[in-house]
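Per-chain numbering from 1; labels A, B and C assigned in written order.
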């Protein structure tokens, strides 16, 4: 409720979201030194003078990290250019040098885009290289920074290569923000540059949220939200923050541009107003490193060697199945990495559209992401063929599929075990005749054009056949008889 | 015998023991160090052990290397594993590096014996070694005077005979100026010629490590030993060696020498110093060089550009001294208070001045006007040098504007101290090599240094000319 | 470059650089820094439009290392230099703000 007592309609407002995603590269060693890039090792065992920032140490750039950064640029349709490293100066204990080597006004990748499964394109402003910081653990106060008594620092992660990907503020909802991160992660993992594990911190997301009246083209004041550790947190945080800002403005308040911290337990964002002044990073070109100029040949070679990415996979599935690439079924199947099966289905002359439906509806429901149970492609295609050729009804096929997913096996054997046999066409025709004969009044209405009664007859046929009827065939028969009668 | 070339040769041939050489030098240290304070740390035990190792190798018929048994002093901002490296600062007092600088590894591989870590201006910021947290070093030629800075301890160690070679670092003149004031040879190599890995950074785009010695030939040998590409330093140039000895013995017949007009009789250059440089020019001319005055106009702006660029880079390089991982820590209720207490207690006033100046110059709103502009002035200086080197092989100037001044004479006004660097700074900004060679004395009998400048990677011709100057100075009886 | 340097400016940069100054030091440093900046005003007057900046004396490009692990430091040696250690990590007083 606004102060005037009118109900605030969220639909009067538009949410505007931009995301900054930090992606850890899966190089063997750190960005500027030969220490191992590994998660979960004993604290402070993967450190050297360089990544500890000891006096006298100097950075040397990891060529593989540059290759991966170029891959990211290519995957996101960016322009890759000659670039410089800059120092970003600020004091924080997880930073061994109290400056971070990053990129500033001349980053390696600029001006790209990412196509979401929905078909919408999100602009990518830049994807630049920088080094990661160490990790601080806060002791006392429940592990929260503000109530801690003291902290402990582990520098194993300091110096790990990162690429920071900054989007245009093109997203318009919490769901769209989530979709963007999912797609971006899929692209980065497909490109082979990261393992993309948000729970291990190899993919981190900060978002910028603002709101504006529907129809306005000016951007409202934005808040940066940090500390979202999962896709679910991200969606919740964006939704919360949009609501907060709408509420605030509707009540005559003003959004302050600030950084806010998402609190998962409280399900809200908190202002992080601290005693610190605004950060003045005092960027200047890193004098210990030289110009990075990959040149058109390297850039082209990287682009040419990119493996197939999700958008292309969706296009192929859509093409094979004759459905739009932006359909949910297509997105689901690619996301669950089941699209290889579509390709195999096409090779086996199976009905790709049917295969797509079964995968997206029945299989996806059974398989959680990362499910170790692999669906046997041959068995699945065999099942599709059975259904396609009328050996099983849809209902029967779906039941067999459930068993196939849960236990594996051979679809014919499973069908036989379940006693499934599609009724022969002549036997079906007999049952249809019987049902029509027993329901003359309803038949008259159906024959007269009342299509609603089709369901009535199908129900009767189903009951009479104990579920063994191919209901599509039965429907066709009803229509044929009706047509014959009119003639 | 103090010549490095001679010592090493004799040790390698087994004619002289490294142990004896070291004892000789340690004895001098024992006697005179108390007056001079060249060292933060004398490494007597280490030196003896190392000398014994070298002698052992020779006895077994193994070659210890080109600097076998040579006593070497290291400026205390060069990392030595297992031996404290303090940068003459309280904030690193007692810090023991877990690694060796590349130059240390190369000298060790060449058979050198380290005798100590030398005193310096704190974090290399200064021109007199009076900014050391551990007390000043005194000029061996006159104990009431400064040895120059920031590598004053290294210059004094060589001048006093404590070491045959010393390494220093030069960011705005910190090797050459103390060399001039102490009457020894001091070299700043081409930027990137000597690895900076393990050199505690002051201003990263200007710093270079270089040798002090009592002769041009010794300095050349030392430079050739430590120079050459290092994959641990991204700014290291892809060459094997400075080739400093390549042209030694060729004389200067036909070489073209340009005397830098802007530094010849400039404001601030003492008349007796200017006179010695004129004599140096005449000596080169007499030896067959074509000597003329030339102009490098942008050098007039060098001081200003330097005092924007160097503090800016330093302010960032010194941020890491925060009490978290090593060095001094003063307590604080929270991390910010700890940072402030530690850094305020740990840094001396000159370091604080430069950190603040550097922070200001880089801060929002001022970058273009100060730092940005200074980096453009740098380009002008490089262009003016390039223009001069179209007509000349080397350039000549004084190294320092005066002879050694008294302790305390310039400490009340930082700007006065900064003016000590007007002749040396342009080479750092351009990345070019330069060498100071003792050439006579001032009216006060104190040493004067003549500076020879060369283009990038011009060490061969630079040493070639320096050698002739040295011979001329000896002939005059003025150099020592 | 004409702005004279004020005490507030110096207090601000001192804080940015994590240095605490007494009021006497603030006074003294302001005078000293102002005089250095004034001296540097000569380059402020220079017209160098179109002159590119030099970040490095030499235009080296593309200096790389290979993605091959090198030996790390021994943890005990590293932690032996640390002012305070707990649980094999560097112990520090509490942090009040989050990282930028």
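Assorted remarks:
Following the convention adopted for this analysis, contacts are C-beta pairs under 8 Å (C-beta built on N, C-alpha and C of every residue); 3 or more make two chains touch, one makes a residue touch a chain.
Computed from a prediction, not measured in an experiment: that's the story for all the values here.
The chain pair with the larger count of C-beta pairs in contact, out of B-C and A-B, is B-C. Using mean Cα coordinates as chain centres, the one most removed from chain C is A. The distance from the centre of chain A to the centre of chain C, each centre being the mean of the chain's C-alpha atoms, comes to 41 Å.
Computed centre separation for the pair chain B/chain C is 23 angstrom, with centres defined by C-alpha atoms.
Centre-to-centre spacing of chain A and chain B amounts to 58 Å, using the average Cα coordinate of each chain. Taken residue by residue, chain A touches two or more other chains at 49, 52, 60-61, 91, 93, 151, 153, 275-276, 280, 282, 287, 289-290, whereas all remaining positions touch fewer.
Residue positions of chain C touching 2 or more other chains: 16, 18, 55-56, 60, 63, 65, 73, 78, 90, 92-96. Residue numbers of chain B whose C-beta contacts span two or more other chains: 95, 98-99, 205, 231, 234-235, 315, 319, 322, 324-326, 335-336, 339, 359, 363.
If you check the complex, the residues on chain C that touch chain A are 15-16, 18, 55-56, 59-73, 75, 78-79, 86-100. Here chain B touches chain C in the complex through residues 95-96, 98-99, 191-192, 205, 231, 234-235, 237, 300-301, 303-305, 307-308, 315, 319, 322-329, 331-341, 343-344, 347, 352-353, 355-357, 359-360, 363, 369-370, 372-380, 382, 413-415, 418, 430-432, 456, going by the rule given at the top. Considering their complex, residues 1, 5, 9-10, 12-14, 16-21, 29, 32-33, 35-37, 39-44, 46, 48, 51-58, 60, 63, 65, 73-74, 77-78, 81-84, 90, 92-96 of chain C touch chain B.
Residues 77-79, 85, 87, 92, 95, 97-99, 101, 196-201, 203-205, 231-235, 312-313, 315-316, 319-320, 322, 324-326, 335-336, 339, 359, 362-364, 367, 371 of chain B are the ones touching chain A in the complex.
Those residues of chain A lying in contact with chain C across their complex are 27-29, 33-36, 42-49, 52, 60-66, 84, 90-94, 133, 136-139, 145-146, 148-155, 226, 259, 261, 272, 274-277, 279-282, 285, 287, 289-294.
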